[in-house]
Amino acid sequence: MSILSLKNVSKSFGALTVTDDASFDVPEGQALGIIGPNGAGKSTLFNLITGNIRSDQGNIHFQGRDVTKVSAMERCLTGIGRSFQIPQPFEKLTVFENLLVAATHGRNLSERDVRDDCADVLERTELIKRANVPAGQLSLLERKRLELSRAMATQPKLLLLDEIAGGLTEGECQALIRTIKDIHAQGVTIIWIEHVLHALTSVVERLLVLDFGKVIGLGDPDEIMASKEVQEIYLGIEV
Amino acid sequence: QGAKIRLGYVSPQSGPLAAFSEADQFIIDGFLRSEAGANFEVIVKDSQSNPNRAAEVAKELIIDDEIDMMLVASTPETTNPVATTCESEEIPVISTVAPWQPYFIGQQGNPGDPGSWRPFDFSFHFFWGLEDVISVFTAMWNQLDTNKSVGAIFPNDGDGNAWGDPNVGFPPVLDAQGFNLTDTGRYQNLTDDFSAQINAFKAANCEIVTGVPIPPDFTTFWTQAKQQGFNPKAASIGKAILFPQAVEALGDQGHNLSSEVWWSPTHPFASSLTGQSAGDLASGYETATGKQWTQPIGFVHALFEMAADVMGRVEDSRDPDEVASAIAATELNSMVGRIAFDGAGLPPFAVQNVAKTPLVGGQWRMKDGGGYDLVIVDNSDHPNIPTGGTMEEIS
Amino acid sequence: MAYTVTTQTPASRIAAILGALVIVVLVALPFFAGRGTIQDMFFILTMLVLAQFWNLLAGYGGLVSIGQQAFVGMGAYALFGTVILWGLDPVPSILLAGVAALVIAVPTAFFAFRLNGAYFAIGTWVIAEVVRLLVAQWKTLGGGTGTSLPRDATRDMWFVEMIEETLGVRSAAARDILAYWLALILALATIGGIYWLLRTRRGLALAAVRDNTEAAKSVGVDAGRMKWIVFLTSAFGTGLAGGLIYMQKARISPDAAFSVTDWTAYVIFIVVIGGIGTVEGPIIGVLVFFALQSLLADFGSWYLMTLGVLAIVIMLVAPRGLWGLLSERTGLHLFPIRRRLTGGKLTASEE
Amino acid sequence: MIWVDTIIQGILLGGLYALFASGLSLVFGIMRLVNLAHGDLIVMGAYLILVLVTLLGLSPFIAVFIAMPLMFALGWVLQKYLLNRTLGDDILPPLLVTFGLSIALQNALLEGFSADSQRLPTNALTTASVDAGPITLGVMPLLTFASAVLVIIGLNQLFYRTALGRAFRATSDDATTASLMGIKPANIFATATGIALVIVTIAALYLGLRANFDPNIGPARLIYAFEAVIIGGLGSLWGTLLGGIIIGVAQTVGAAINPEWQILAGHIAFLVVLLIRPRGLFPRAND
Amino acid sequence: MALLQTEGLVAHYGDFQALFGVDIELREAETVAIIGANGAGKTTLMRSIAGVLRNEAASVSFDGAPIGAQAADEIMAQGVAMVPEGRKLFPSLSVEENLLIGTYGRKTEGHWTLKTVYELFPILAERRHNPGTALSGGQQQMVAIGRALMSNPRVLLCDEISLGLAPVVIKDIYKAIPQIKAAGASMIVVEQDIAQAMAVADRVYCMMEGRVTLSGTPDNLSRDDIHNAYFGASH
């Protein structure tokens, strides 16, 4: 059964069509990678799925329910978690409090109930040492980790990750891959936008290619990467 | 005794009502210089024309300055919060310069229900009432040949509601005297347009206008009336044209506007403190300040006369009950006439707390060199106050 | 090893002990202080309540209202209405004052929440004007003239006789003391309540929404609901304060009860001077405001000029207020809300 | 016929409100600055004209031209050295600072001129009227309305026909990017407030001729001016005129029904317009 | 000598440090490309040079004079114009007005006038009276470039001028670069599209996390170098 399904979703900003008639399904438990050039509309697609922006057309179903008109907050409660490409920490709250907000509201539990879960997430993302530091003081990499941690703290069924591997050292990147695989192994469906292809392909089972808001390819990562079209538009520098 | 008697005095020294207290300093200085005044200390507080502030400073005077008696003047916005505070603090208070109805009824819980009205134990007031101003105005109008159709502009404030009150205000009396009143309702102060009223007055063919607006509103009204071709024969207005500056602000449109006159330099009264006549007091003020005399001068002066008189008759100025009884027993010939709480001319419920002072009618006449003079044109209720002319139509 | 969460700091523990002492002194104040002090404290406490609620609204909820006088006035008029028209005792009527404010807050919110920023500010101001003008048409309560509380009602108020007897004071003083104690209860409940709210997950959500609304929504925070909670709570508390203030004044008029300067502008002044977005700020602010008023109020327009200039200077020099300045320098928090994770892997090396 | 008169009077009143509001609209539109001292600045302008009239024995209509450059300079300095420092996303600093300015100004005027109400010297023009069929219209209200329209036409010309106007619009859209064009936003803002105070001076002339003024009269009209600006739509000057007219007409129509509802009707009209169009009648596309 | 140079440039957003001592230089008539992943600090660098973010006076110098502490309008008046990321057209202004406003702070005679800009991007002449924001992304980018050119700058800073544009459109825009250089401007181009950057640049700097991690000419930088600099490690 597919956990998420988009049907003919479109979104324009003024004259610019950023999402153009996108339709695809994500089976429950799958890890899907999204690639595409800068400005292709990848982040916008996330915003549409999470409800941070509303689509102009089309329908979005999550777990069989039509969530097209449902608010971002409610979509989170039904199990969609996300990270932002440009980290959006609650700057005046500490790292731990950032997670507390997500865990208590995203799961509708009391602080006491989620305390250990939050600590656990912080251990896994190696932010535990920074738990009591205001998020505004974090470095870029730490902010990205916080994005991932905060999304994990809501214990989503569908986790959307937007470029969280950029700028990591090889070691960090491997650790990140392990963490994500771990989450995936627990049955969480993952959609991951990433430019660092080797990281992406080592996790995802399917790859979606976006260009000018259009889905121009969807399928097995190797096949997608091998297709000429993708080579041309995405890996332009490689050929 | 040694210790001086402490008087608290609240008035609006700043804010929109400040014109009422322009003479305060002059009067208080005079009082303290007088023989009786030497026993007193006067603590003055500014209400900033704000009723909240008036109540606050009244309380400060009572509690922090431990005054023996409170004096307060100038519009219900000042007298009422102060009097209410004093009454509940059980400190004697004498107030003035507010018609007695807004003072008395305005402090009752439910002004609409006369059955619930209660007299005060510590609060006393001397001034005239609406019945007087109605009588003066109608007497002035009766001097002219008119169709007896009157248009009224009464705002939704302490004065306006009292003047327009269907029981104690203008409507029943005018009705009884055969005047036809067009009252369009209580507008808010600082209204910028009076076309509605002007249209209604024109429709009713009003030849007389009355009301108790604040000065800027009357200017707006009067200017618009002229612009829209509404030219009544008489305009008898309370409050707005009390002060010469306000009339001067009308340019040459102020000529022959009429108003109630509670005090003037020609009033045949003298101070019980200094023996000065009304004329002396006014000219003293004019030389001291270089400003034209205004009506509140006499009443503020009388307020301090009252203080001296009352305190002269008590054993212990710190005993509120004794002071209150002394006030109630007052019979004083003051700068504003005789003050006595004997109930003369008053309904039973107000007898205990109110003393009435005389009221006559006057008209503003343009002087040759610019500026206006207030000329008394009607004294039918108080013939002892001389007139300076007769009522003229607004040309 | 297990993790634990604390919010206390050594400073806050000392502050708590001192705070408890202050509360004891404040409760006992009528037994040894003069009426003047009680009066001043009543003023301070009621302004503090207004300031705390405005701070909750603007400092935590991001809702900059300049129409709080609507709730003060509504509360006050509700109190006068119930006392004069229904013959209820003023003390329980205070609660109804809060309820009345709440009742008009609901349609106000429906309308005002459609607006943002400056529009919201002006919109709330206009609504307060509308309420004032409507109340000014309420003839049974004096219309534009205003009215006074019947003396019988204030004289026989609940607890007054008891206080008269216990403390051996006159009835006017007893009423002041009663009003003071009510104000003290209200102020303590307000500060306690707001502090409690900030320490719940709702408080966390408020902070999150303030930092980044979009991200807050994405982690399941109901930003809209937070706005409602904050707005209605402030309205209720402001209404209670309004009722209490006018119970003590015993005289009301629309212009006074709905004064934008007295009940909103000065309150904003207090909060901003003290430090917006902190529980401590309004406390400092109200003390400064009171000090200024007692020192300068007799200078009439010079006082107001000073106040105006001070508002400008503070905003430019210390935009986060006096408390902001202090806590930036010292890291001091009397009402700490930061949750610190300790134990587990954090035990070994703490910062 | 009375209804026609009522509406025309309302429109003319709207002209007055629009005149009060235009300066506010300019400042609010360009820099989102809520200036609570606007009303007091108008009153100050009236006193300035009064002083010039008394000292130099000029007609107010001449004195206003001397007052204008003075007020421009005041506005420029005020914005450059005070108000610019309050600009930003947070609306509180400007609110508090202009509130402080408002009470400081009011009380300074009170100290300087006392609470006595004043009026600019009037002449036959003040009460002159013209007959338009069965309706009589005051010359002064017509002049006020015409001035409001002229001010708005003038501002529109400035805005859409000059390099300075371009700079105003650009800075208003995005001050940071404007600075990349060599524009000094601080000076642009100062100039805008200077121009706003020139309009304030014109408003002051009519305020002072129309009725009495005293140092405390400023804030009372401020709220109508804000209403006109907001329902007109941020940055739309014609919208401000229309907003003023809506409030003016609502007031006179309300008053014709019952003067008790006069001012209330204006506020209700404001709320209704905002209920239907939360961003005003002519909102700018981009905010 | 370098025309424009940064030395130890740092930048902060509140508590967050975005640049950690960046040293780059631009010589007369040169085109320099800056590449790097999202959030590397490229835009921050551009904004610091242009004066949107203020710095130590000595950290940026132009023509030998320290300009780091100057405001954007002062820097622009000396001839450093910027095409900001995201185009940032003024929505209240028409296309032509958007172009004209480019001359507000610097009215230098030179090659670029309304006429020559319209020649460079003919489509803009057709749409001159439209609001700038009604144009397609590529056309908007042309306006943004034209606007910067109108002041006849000596240095042109271009931040991600190909972002979100179709390859054909990108080609159109990049076609303009030789003409811009020919008219006498030196350029710093921020690009994420590495191939594009390599094609136009005389030299390339690669940034990562607020630091320059690699620099050189397109010829002597290997793909692996770039990849390492870009993503931190190879696989």
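A few points about this structure:
As written, the chain order gives the labels A, B, C, D and E, with residue 1 at the start of each chain.
The rule we apply is simple: a residue touches a chain if its C-beta (ideal position, glycine included) is under 8 Å from a C-beta of that chain, and two chains touch if they have at least 3 such contacts.
None of the values given here were measured: they were computed from a predicted structure.
Using the contact threshold fixed earlier, the set of chains in contact with both subunit B and subunit D is C.
The minimum number of touch steps separating subunit C from subunit E is 2.
Among the pairs B-C and D-E, the greater number of C-beta contacts is found at B-C. Chain centres here are means of the Cα atoms, and by that rule the chain farthest away from subunit D is A. Set against the Cα centre of subunit C, the chain with the most distant centre is E. Centroids built from CA atoms put subunit E at 31 Å from subunit A.
With centres taken as mean Cα positions, subunit B sits 76 Å from subunit A. Among the residues of subunit D, those in touch with two or more other chains are 107, 110, 260, 263.
Residue positions of subunit A with contacts to 2 or more other chains are 91.
In subunit E, the residues that reach two or more other chains under the touch definition are 133. Listed by chain label, the pairs that touch are A-C, A-E, B-C, B-D, C-D, D-E.
Residues 34-36, 39, 43, 80, 83-85, 133, 136-137, 139-154, 170-172, 175, 249-251, 253, 255-256, 259, 262, 297-298, 300-301, 304 of subunit C are the ones that touch subunit B when the two sit in their complex.
Residue ranges on subunit D touching subunit E, taken from their complex, read 163, 166-167, 169-170, 172-174, 176-184, 235, 284-286. Residues 50-52, 71-73, 76-77, 81-82, 84, 88, 90-93, 97, 100-102, 104-106, 131, 133, 147-148, 151 of subunit E touch subunit D in their complex.
On the side of subunit C, the complex with subunit D involves touching residues 58, 64, 66, 111, 114-115, 117-119, 121-123, 125-127, 129-130, 133-134, 137, 261, 265, 268-269, 272, 276, 301-302, 304-305, 307-312, 315-316, 319. Those residues of subunit C whose C-beta lies close enough to touch subunit A in the complex are 2-5, 200-201, 204-205, 207-208, 210-212, 214-223, 338-341, 344-346, 349, 351.
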